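The first chain written gets the first letter, and so on, giving A, B, C, D and E; residue counts start at 1 in each chain.
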Amino acid sequence: MISESENIVFNLSEGEPRFVAQIKELGGEEILECIQCGKCAAVCPMALAGFPIFNKKLIQAIFLGAREALLDDSSIWACQSCNRCTEICPRDVRPFEIILAMRRVAVREFAVPAMSVEGLKSLYDVGHAVYLKDSGQTRQKVGLPEKPPSVIAFPKALKELQAILHQSALWEIGIIPMEGNEMADTCEV
Amino acid sequence: MPEKIKLAYLLAGGCAGCDMAVVDLSETLLDVLPHLDIVFWAPTVADVKYKDLEAMPDKSIDLGLVSGMIRLAEQEHMTRVMRRKCKALVALGACASLGGIPGMANMHTKKDIFDTAYFDTYSTDNPEGITPQTKCLVDGKYELTLPEFYENVRPISAVVEVDYFTGGCPPHHSFVGAALMAVLEGKLPPPGSWLTSGKAVCDVCSRNPGLKGQERELIKEVRRVVDGQPDQEKCLLQEGYICLGAVTQGDCNAQCPGVNIPCRGCGGPIPGVKDFGLRAVSAIAASMADEKLVDQIDCPAKLFYRYSLPSSILGGKLK
Amino acid sequence: MSDWKPNIIVFACNWCTYQGADLAGSLRYKYPSSINIVRVPCSGSIEAEYIVEALHKGADGVLVGGCHPGDCHYKEGNHKALRRFNLLHRLLVDMGVEPERVRLEWISGSEGKRFAQVMNEFDATIRKLGPSPNGRNGNA
Amino acid sequence: MVSKTGVYVCHCGENIAGSVDVAKVVNYSTTLPGVSVSREYLFMCSDPGQELIRKDIEAGIVDRVVVAACTPRTHEPIFRKALEDAGLNQYLFEMANIRDQDSWAHWGDKEGATQKAQRLIASAVAKANLLQPLQQRYVEVEKSTLVVGAGVSGMFAALDLAGMGYKVWLLDRNPSVGGNMAKLDKTFPTNDCSACILTPVMVQVANHPNIELLTYSEVEAVNGSIGNFNVTVRKKQTYIDWDKCTGCGDCVTACLGKTDNEFNEGLDSRKALYIAFPQAVPKRAVLDQDSCINCAGSHIGKEHKINAKSGEPMLAPCEKVCKTGACDRTLAHDSGGESFDINVGTIIVASGYQAMPKEPFKEYSPDSPNVITCMQLERILSATGPTDGEFHRPSDGQKPKTVAFISCVGSRDKNHHVYCSKVCCMYMLKEARLIKEKYPETEVYIFFIDVRTPGKDFEEYYNYCRELGIKIVRGRVGAVDQLPGDGLRVRAYDVDMDTPVTLEADLVALATAMEPSAGLADLGRKLGITCGSEGFLKEVHTKLYPVETSVKGIYIAGCAQGPKDIPESVSQSRAASSAAAVPLTAGRVPVEPFSSSVDQEKCSGCGICVPLCPYSAISREEIDGKVRAGIEIALCAGCGVCAAACPSLAITLQGFTADQIFAQIDALTSVAGGGPID
Amino acid sequence: MKVGFFIGCNTAFNRPDLEQAVRFSYPHLGVEIDDLEGQSCCPSWGTMPSVDLAGWSAVSARNFCLAEEKDLDIVTVCGSCYGSLAETRHSLQKDPDLREKVNGILEGLGRNYRGSANVYQSVGYLYKKIDIDKVRQSLKYSLAGLKVALQPGCHTLWPSKIYVDREEDSFHPHILKDMCQALGADVADYSRMTDCCGMGGMRSADMERSFNLLNVKLKSIKEEADPDLIVTGCSSCLIQIDTAQGQLYKDGKIKFQIPVLHYMQLLALCLGGEPEKVAGLAKTSVSGVINKIRGDSNV
């Protein structure tokens, strides 16, 4: 099914029948409009860089219910979100949204690369997905204050952000430790 | 001419304008009076008490006229008594037939009305918050009663079976006379009918473009009388003054349009029409030259139901 | 109230909306069975009385369906319908009728899918509003 | 009089019975007021089904008929005929649509569908109880037809009808007949030369005594109905007297104004004064005012300037060379052309299609001159085209070494047209084949989504193309990049190889969608027929009435109805001509008696109805000194706008009276969850 | 004119010289900068967008609220921030249920998303809101004699319908081109201008594949345009092209390194900004280019 997987033959009868419905619920509403024309794949950076799964193939694999195989592969996290597929899709499938939906499935299954968990954790802890510890020096070097005027410099704002995250699906899923969320302790990644 | 017929007249919840219209018959009254034996006319003209009417045998009166609408329990009671005593009962005028101007109160709840009347107006001084009650004890021993104030205004047909309807606010005296003559001469249509010509105001209106050999056109703008002086010659509706003459019975001889006032519908709907206001909508909206114009008609409910809100299909504002 | 089903009357012009309803059926688009169609030649033939009578007799919602502006089989009947509808709608709102209960839609004979969509939407709206207060289920 | 209404419930096989409890519905029907009998049958429209109705009528059990089945739009006539046959007025009939609007729409909700069927039947019965007999009317049919569009479809339709002896007006907005087919080089699957097979047909229509050509003309307005359509035609201004013009072309040669040549899809230019194309019929010159430069200061409708030296009038070059006097710029020409009315009994719309331009497809670098549409390529390949049939690419006139075709450009595309344009696969193969046969060294690639070749001899054609070495890649092209120089890089994803692919091409041809020709919706509006969601004209029924429209007497043919190839267009045009000939041959056609009438006793003469009638059927009448409305039945189309507006309830629309509708409302609201409510 | 400056993680912590470039050049062109104190991550694609739509939109909406409360629009130099913010804005506009849900979340914070603030990318904002002649006239130095190749960045282009400052033809963008020409640069076309640089999720997931993807693009730039400088419209592209070239060079995959700057940095330089502040953190050698700009007193 997926070139890097061990199973060469995909048994169609093992497909997960509710998979398409789940993807639709998680934001991939237009998936059934896809006719597998391949236009998105022609310009997809993931396809061009040689990742085994990318928009067109992901959609077909979802059609066939290849849930496990998809969860075993981390290509979707290499998507650049460039949205060129969404721009050119003749069926308005918005393939990038399908990738996001698949990521949301993966997050719920904890099938997430460490890098991405770190990003989430960093978002929760400091309010920025990307944060470099020694950035203060860099900033001073170009004549800027140590901290940018963001959540970094305003602890109250960080609390606000965390309050939002507490009300998001991130809390229920518990993929990262969050203040007051017991679930996360038992689900250490 | 038949021999004398017995006549009773009840003013229910109206303003006595209809009574005046009968009195205004003037000379015609002279023709009619000799044939009438007025046994009851309360509370306005004759010194007869309600109990006197109650005491009369059922169906002993040939003709009963009721003007005004039903708002109080007393009015309902007396209307029912009239029905029992009279062989034929006529709803006289817009209030009795359709609910009339007082019927516009159906846009408001009883509570709203009491609040306005007994609390909210500047001139009201009511620190104890007294409102009319059906019973009250004076000095702790005298029990007084007042008729109940109903939630809604109703035409008399809502409480009794009415044999004949007439419109008008008030009915034009000549028309009242003609109606009485018709009764006297026994030239009556089947019960339930309107004792009217059945034709619209336009039929008798000198402004009707058709009478001048002109075609009616779609209405191109909406105007209000306060905005200017209508051209005496031209059809008011055509000029954009929302005249309800086309939808209203014209036993008035088109008096209002004759003095530059658009018809407001007191004559009542053409017989057979289910609902005056809706017919007005069906007819007039379609005649607008474009769909935006209808938005310029102010408060359609109060315009189209000025005289007939209680007898509309919905009966009044849904509360 | 869970077993309550709305009763909705749709006055559909013969040339567009009625055809659209036929098409929705033949393409097997689903919509609730609360929708009852009365066929009329043209939306311009729909009297204000029809709509209010339906509400009065117990319909929980009334929809008028005509051809798209410019597409009327009788040239401009739908414009007449629109004028009548606009004024009636204002009148009904003044009279306390919930504005969502009465709706006008242009649905062409080729819009089977849209017919079903509009009906689904309208049914959902009416369900949200609950039984009509001025009809058979109410107190008037 | 109490009516005796019979209710006949159809199973429609499983179509109704699968979702509606028919037995329950039949039982319920007998409880309705006025119903004398209720029966069910497997197929009520079949002869035995109709026989049930006829027998009941003949036995006197029934004097009103309600059939609960499918839609009256297709089946009402069948049942009316049954009533008529049994001696009952055919308008004492009403249908309850419990299939299209019930069982099909509520499949799986048997309880809901059954209850709804009961409501719909109650509604139909309530109306039926109040029905009155009506008399059918007939109109005489004008024995002529207007064919709109003179492409291959329109021409064949015209020839057929003319051959039957009917007068045909053949109208086209272009100066010449021929349509899109005249632009094609060869035609699949036989590779006939398009001009070779089309030109004789063009000549035939021009010479046929029963056909009158109305080229360079447009339909301005259509009034009336089947049998008597009154069509206002506007002949656009040609500025050349066509009675005098011989089509010699001298003026064209002399003309100095230039603009894009639409016949060559903008690949080259034509003169302001032009003849549409060399084989044009009629071969007449047209002056396109927009690109005329008014040589020698010679403006249309103005006297010539006088040469100060010679004292002679200064003629424009076109006037100088015209030997017949057809070109006279001093005449006052009405720029709007000339309008006139024609009367016809039937109309055929064969207004064709247009190929989408390349501009909307930005991802394919339409700014490059070497990215062209397949229609443009058709002109490049054609011997009458801008390159005289030499295979040159537009940017530099070099012969392309590598050509890439891209399929489904604008088709199967929700941003443009969701439908499949049906002919692109074949025309791409054809163009590829023409290139490959003539220039075998050229590399030709076709990028497809799916190859669709469902036609007679089409698959063989496809196989042959593959044998020629045309390379077929399954995968929609995602981008065309412009390379330095005039080259192009085509980027696709080869679905079968499971890999992205690129191709450096000299020429890229886009198989752009066939779309409704410009102004089709407007034309439809004038005719009163609707366009489907895809923008093409809509037939009454895809399978049974494929050439009929919702307006009786107007038929459609060819690509006005949807994408088609030439064989299919011609077949359909000949079907349309046959359908259009039926009323002409019958000489008279029945029309529904659903018109409005005025009760002048009730009329108050307010005149509200008069301006509302779109057909001017209502007029003022004077009766005993009073004004009253009167309706001219022949003009009334039965829309009911007047009846709905009449303040005095004096106007009634037969067949849809207010009493009948109120009865329906009553029935629909008093039957709730399956039974009458208390 | 005043605008909220959305800095973004990469700019704040990795390339603050770019932040300085904005802080220097915007006021020079009459645009006052508001810091939107307390702004957070946009949030970037790999975080909340990959978890759920409502949470993503709520974080994003909070950032918009900071601007709305001051009646400002937002400007960002980062393509990812621009894309993430614009996408949620689009969703919140067209989906009232989502908006209700998001406002439900924000209610507890005493905030309410109204939808009045727009988001612009830094170059697009100047293009749409500032007269291009004003830019020309404000220059202290020009790029005359410099040949540049452009990297507008995917997120400034697609999906075009969600952006207020979108290109007319997103496959052949011209905003960055026009803006560079306004600085006097000679803009050289190359066929892979709209190709992805390989930054973002791909670089995190597999750096080698990410760099190889960039390599294809770099070769197209070198062979077809051979510019003195690459100009980006996006901070992520800036970081990727700036840092990856060193690695690719070290690995022997390329034989050249082309200086890279974000457009805002170039603009700041042309307006007289101090090179150490506004372009002091470049990995590729930009000193030659800067000397050329500042050396010629050709304005």
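The working rule: contacts are C-beta pairs under 8 Å (C-beta built on N, C-alpha and C of every residue); 3 or more make two chains touch, one makes a residue touch a chain.
Bear in mind that the values here come from a model prediction, so they are computed numbers and not experimental data.
Chemist: Following contacts chain by chain, what is the lowest number of steps it takes to reach chain E starting at chain B?
Modeler: 2
Chemist: Touching both chain B and chain D: give me those chains, sorted by label.
Modeler: Under the touch definition, chain B and chain D have C as mutual neighbours.
Chemist: Can you identify the chain nearest the overall CA centroid, using each chain's own CA centroid?
Modeler: Most central by this criterion: C.
Chemist: Compare the CA centroid of chain A with every other chain's and tell me the farthest one.
Modeler: B
Chemist: Going by the average position of its CA atoms, which chain sits the greatest distance from chain D?
Modeler: B
Chemist: Please state which pair of chains has more C-beta contact pairs than any other pair.
Modeler: If you count contacting C-beta pairs, the leading pair is A-E.
Chemist: Based only on mean CA positions, could you tell me how far chain D sits from chain E in angstrom?
Modeler: One centre to the other, that is 50 Å.
Chemist: Take the average of all CA coordinates in chain C, do the same for chain D, and state the distance between these two points in whole angstrom.
Modeler: 29
Chemist: When the C-alpha atoms of chain A and chain D are each averaged to a single point, how far apart are the two points in Å?
Modeler: Distance between chain centres: 49 Å.
Chemist: Compute the distance, rounded to whole Å, between the mean C-alpha positions of chain B and chain C.
Modeler: 34
Chemist: For chain C, what residues touch not just one other chain but two or more?
Modeler: Residue numbers touching two or more other chains: 44, 47, 49, 53, 80, 84.
Chemist: Two or more other chains touching the same residue: where does that happen in chain A?
Modeler: Only 48, 84, 87 qualify.
Chemist: So which bits of chain D are touching at least two other chains?
Modeler: Residues 363, 479, 612, 641, 644-645 of chain D touch two or more partner chains.
Chemist: Applying that definition of touch, give me each pair of chains that meets it.
Modeler: Here the touching pairs of chains are A-D, A-E, B-C, B-D, C-D, D-E.
Chemist: State the interface residues of chain A toward chain D in the complex, per the touch definition above.
Modeler: 33, 35-44, 47-48, 56, 84, 87-88, 90-92
Chemist: Inside the complex, what are the residues of chain D that reach chain E?
Modeler: Listed in rising order, the residues of chain D that touch chain E are 362-363, 365, 367, 479, 481-484, 489.
Chemist: Using the touch definition from the top, list the residues of chain E that touch chain D in their complex.
Modeler: Chain E residues touching chain D: 169-172, 189-192, 224.
Chemist: Which residues of chain E touch chain A in their complex?
Modeler: Counting only chain E, the residues touching chain A are 7, 9-10, 12-14, 16-17, 19-20, 35-41, 43-55, 58-59, 62, 80, 83, 105-106, 108-109, 154-155, 157-160, 170, 194-196, 198-202, 204-206, 209-210, 212-213, 216, 276-278, 280-281.
Chemist: If we count contacts the way the header does, which residues on chain A are in touch with chain E in the complex?
Modeler: 26-27, 45-46, 48-51, 74-75, 77-84, 86-87, 94, 100, 103-104, 107, 113, 115-116, 119-120, 123, 127-132, 135, 138-139, 141-144, 148-154, 156-158, 160-161, 163-165, 167-170, 173, 175
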